[in-house]
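The following pair of complexes shares a single chain, subunit A, combined with subunit B in the former and subunit C in the latter.
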Partner chain A sequence: MNPLIFTTILMTVLLGTMIVMMSSHWLMIWIGFEMNLLAIIPILMKKYNPRTMEASTKYFLTQATASMLLMMAIIINLMHSGQWTITKVFNPTASIIMTSALAMKLGLTPFHFWVPEVTQGISLTSGLILLTWQKLAPMSILYQISPSINLNILLTMAVLSILVGGWGGLNQTQLRKIMAYSSIAHMGWMTAVLAYNPTLTMLNMLIYIMMTLTMFMLFIHSSSTTTLSLSHTWNKTPLTTTLILITLLSMGGLPPLSGFMPKWMIIQELTKNNSIILPTLMAIMALLNLYFYMRLTYSTSLTMFPSTNNMKMKWQFETKRITFLPPLIVMSSLLLPLTPMLSILD
Partner chain B sequence: MLKIIIPTIMLMPLTWLSKKNMIWINTTTYSLLISLISLSLLNQPSNNSLNFSLMFFSDPLSAPLLVLTTWLLPLMLMASQHHLSKEPLTRKKLYITMLTMLQTFLIMTFTATELISFYILFEATLVPTLIIITRWGNQTERLNAGLYFLFYTLMGSLPLLVALISIQNLTGSLNFLLIQYWNQALPDSWSNIFLWLACMMAFMVKMPLYGLHLWLPKAHVEAPIAGSMVLAAILLKLGGYGMLRITTMLNPQTSFMAYPFLMLSLWGMIMTSSICLRQTDLKSLIAYSSVSHMALVIVAVLIQTPWSYMGATALMIAHGLTSSMLFCLANSNYERTHSRTMILARGLQTLLPLMAAWWLLASLTNLALPPSINLIGELFVVMSSFSWSNITIILMGANITITALYSLYMLITTQRGKYTHHINSIKPSFTRENALMALHMTPLLLLSLNPKIILGFTY
Partner chain C sequence: MMTYIVFILSVIFVVSFVGFSSKPSPIYGGLVLIVSGGVGCGIIMNFGGSFLGLMVFLIYLGGMLVVFGYTTAMATEQYPEVWVSNTTVMGVFLLGLLMEVMLVLYVLKSEEVGVVFKFSGVGDWAIYDTGDSGVFSEGIMGVAALYSYGAWVVIVTGWSLFVGVLVILEVTRGD
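On to the complex of A and B.
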């Protein structure tokens, strides 16, 4: 589309999220969410075909429902507290409704059904924006109301998300759906620690965004959207296969890569608060995630032919310029020794 | 300790910057030099540990394991030269980088002070091993083998992470040097039973314990030679080392929690030895023999007497060298016939007599012939288990007999008798292979002259 219009729409998305993150008036926050939603629909529909239309419609309907629920929770809060400032939520009903609304926006279980379908229907770049930037705004609101969220609901949603994210991804071969289920599971980890130490939620969000950015950029670079076409990258750029291996192992949470850091910190925080069964269960369920990442690495980097052969090759389009990929790769795999630096996040 | 770690890390730039005809020479030479540095650690003042810094220390238990680790890297490099000779240069360098990364993590694991650092490096050794097994293994089963290896170990070790963090909350620090001084008895409760289980299961899977050993034959058989060597010699000993360290914190529950695992180990060593008698696959036989020897180590660690700890440590070092040597011998067969079936390569003594001498020495040490350190280890374990309960002598005696049976079975099948008619075009033994066997055997034989350096911290 016209570059000027595209820039304007993209800036509106950014502006919407910024308004959400920086406002102290509940109505402005709701306006920010709506601005974000309306502006991202054209970005989701960059290619105009029925599949994208369907995905954008699903996204719009779920997010609009969530915004309405959010508005209802804001009004109930206004009724009980008499003011519009964002602080802790004063009424348990409002808190539950607000948590459900934000969970719908994030894609937590039991509101996760839209994530794989929407992510699959849109292009890789739009999927990237959907799974990383769009999570920032709801997460910042959850961070701000974290003292008043009902712990039972939060932990149930978190554990179920990790479970669904792990199990749902097992049967997938489409890369965008795999990334969607991975996003559901990571959101589960982030919300589990929200009530105990919200700083770790932010840390997990940061590292998750880095790793997802890296993965999507590697997929865009090799223009692959299925596992089969990803397995052909060794023909085009063999180095990409190694990078995919490292980033996928980091997403699975294997030490010594940086994906282990949020899991370790979250387990530490939960154990300090005397819940021991919960982090053990969460850690074991994260192994389901690791299984389908391993399957991807098996088809991509760990089973290569010893020499050139008759396999189908990818058509060599002009190489897409991916800015920023090397620093991202370094940050998404080598940050674990910097764990003591986490004290700056406070 | 940095004088060992930094040179090992620098082996990686060495491989990437070496010329094509110098990579093997450079890496083997420098890794041999690094192993010489680690020998200086064996000079331990009695009953205490050498504390180099806040993060690294070495005591009479970890020093022999460290020397074994650093000694094994040049041997692995020598053993891998043949099967990598046809690969492109970048892949050779990648392979050596994986081995060096694994070596660095292993050195740091054996010398770690803080138990969480030990855990992270323990898990970190999984990644290069997985890549070596899955990428450079030879059969299609290697994919399944890698998955089994990764997931068995991770399922066992994630509860260990939670247990370590909760111990840190209760006691304030996980620094091993502190823990051994302010150790208090664990009160008896259901949650402490789960704590004991969470701490020990990771190492039980790694050792492996008899019921959880399914990953080991797969991983050992499908791995390339360097992978098999490092798996058998060092990675299994990580489990033993971890158990020896963590049982100091877990008293007095070990006295009743250990019973199921003792039963599984005692029964398992007989079962796996018996399976060895019916194996057709040579590498699989050596893998099951590893399970059997490690079951002895588990019994020794769980009994917790000074003699059993001495036996466990000696057995770990002896088994490391012997098992690694057996895998090298099996690999020399595999490189010639491209098959692991034992009966396809019979009667090798007529064709390769010097290799037959190495086969004889390796089989004799495997069955714990006096005066080798294998015997010292096994004898101490048998004696201490007899004093723990008189009946175990039946099982231990049966195990020693069956071990002798399958070791001699392996020797006779591969070496003695008439050679097969299709084997007359194999290449003679390379000097590299003979050097490899000699470098395995010489420490094993020399240690029988002074076994007190491998007898651990209860000597």
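On to the complex of A and C.
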């Protein structure tokens, strides 16, 4: 793609999310979502083959449906409150429809079906943008309407997302689908605590983005999209096998790595609010996630995965320059001792 | 009948929406869109938005739909689908019509209808002209406000349209 046009379109994606996050008028927020959706379609279709076209079409259809539901919720809110300012949504019907629309945009269950298929059909870099940057805008709106969200619906969607994210990722060997199911599960954790303490949602979002960025960049660095291809990194750059090990365990939420921090805080916040069964279930279902991360580390770092002798060498492409990979790795694994700093947040 | 003109127009509006939602060939969809655009214009005008109704006819029907008609005429097939040619299309169309008829009968018979918002009987649809709309009409003042207080909206929508063209060119260009 022409570099000037690519830059323009990428900047429009950024502008769309910024408009969503900084507007106080519901119509501008909707415009921001549409701008974001429109501009990301050619980024998803950077490589021109039928798979990317199909993935882009699926993404467009689901997100456009979500935008339509959002518009309907906005209009119902307008009808009942008479103003366009974004505050908590007072009408329950509008609140439920808006929550469903934003859940469709994030990829929460039961609207999660598009996430693995779209992530699988596009290139690794586009998948990176899809799973990190595109989550910012809907989550910021959920944060702003969090006082009025129906708790039953939100918690049901969150728990089901964690379950689906864990269970669905078990049978996958394609790395992009694994990352997609991991994204579904993490979104579930984020929305579970949204009604209780939205700051933790933002904390979880921050750490999730750092870890997902790290994982995707490690995949891009070793040019691997399958488990088999990833298991040959010991041959190409042995250091990245250790880094993959650390980052994957951090994503699974193991102490003493930084991925433990959001899970710990979320469970603490939920138990403070007298719900015991829910965080127990969530922690147990996070084990499913941990299982397939462990399987990846097992095949990548802990063993020399069996393959035929002439497949052991990976073709040495020109080393891709990955920006900020060392700081990202450090941040996605060593942030846990900084947890007391959270006391500065509101 | 004139008292209930908005209700009648809205029924025709929904029926024409059903007409193109049942997916005949785009040429016939465009035909029904003209009808729905005209009827929508009538609904808006009844609420006093003469400027907006004019915008619908000029820009929507006279600009966008004409371009749509030309592109569809270039890409049309030899035997385009009408509502009666395909069983599925006819079935969906009749289903939509049936649902609209049931809703209209429900509205006409019962006292109060509450779906998302309540309105009591067909009388709620009647427009009572309260007389004084002021010297300036709302539509023109809205456009004036758009270019003064709403400059940011103009910038954002202008940029979106520009990027829309870029995106469509990129997507259809292929390799």
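The rule is simple: the second predicted complex is superposed on the first by the 339 of 346 C-alpha atoms of A that agree within 3 Å, B and C clash if a C-alpha of one lies under 4 Å from a C-alpha of the other, contacts with A are read in each partner's own complex, and residues count from 1 in each chain.
Throughout what follows, a residue touches a chain if its C-beta (ideal position, glycine included) is under 8 Å from a C-beta of that chain, and two chains touch if they have at least 3 such contacts.
If you're wondering where the values come from, they're calculated on a predicted model, not measured in any experiment.
A.B. asks: Pick one for A:Thr280: touches subunit B only (first), subunit C only (second), both, or neither.
C.D. replies: It touches subunit B, and subunit C stays clear.
A.B. asks: Should A:Leu15 be classified as contacting the first partner (subunit B), the second (subunit C), both, or neither?
C.D. replies: second
A.B. asks: Which partner does A:Thr7 reach: the first (subunit B), the second (subunit C), both, or neither?
C.D. replies: neither
A.B. asks: Would you sort A:Met294 into first (subunit B), second (subunit C), both or neither based on which partner it touches?
C.D. replies: first
A.B. asks: Taking the superposition on A as described, I'd like to know which of subunit B and subunit C A:Leu254 touches: first, second, both or neither.
C.D. replies: Once the two structures are laid over each other on A, A:Leu254 reaches subunit B alone.
A.B. asks: With both complexes overlaid on chain A, does A:Lys272 touch subunit B (first), subunit C (second), both or neither?
C.D. replies: A:Lys272 sits against subunit B, while subunit C stays out of touch.
A.B. asks: Which partner, subunit B or subunit C, touches the larger number of subunit A residues?
C.D. replies: Counting residues of subunit A touched by each partner, the higher count goes to B.
A.B. asks: Just subunit B (first), just subunit C (second), both, or neither: which does A:Leu336 touch?
C.D. replies: first
A.B. asks: Need the overlap of the two footprints on subunit A, from subunit B and from subunit C, as residue ranges.
C.D. replies: No residue of subunit A touches both subunit B and subunit C.
A.B. asks: Across the complex, what residues on subunit A touch subunit C?
C.D. replies: So the residues of subunit A touching subunit C come out as 1, 5, 8-9, 12, 15, 19, 28, 31, 34-35, 38-39, 41-42, 45, 48, 56, 76, 79-80, 93.
A.B. asks: For subunit C, which residues count as touching subunit A in their complex?
C.D. replies: Interface residues on subunit C, with respect to subunit A: 116-117, 152-153, 156-157, 159-160, 163-164, 166-167, 170-171, 174-175.
A.B. asks: Residue numbers of subunit A touching subunit B in their complex, please.
C.D. replies: 245, 249, 254-257, 260, 264, 267-268, 271-272, 276, 279-280, 283-284, 287, 290-291, 294, 298, 301-304, 306, 336
A.B. asks: Using the touch definition up top, name the residues of subunit B that touch subunit A in the complex.
C.D. replies: Touch residues, subunit B against subunit A: 86-87, 105, 119-121, 123-124, 126-127, 131, 134-135, 143, 146-147, 150-151, 154-155, 158-159, 161-162, 165-166, 169, 191, 198.
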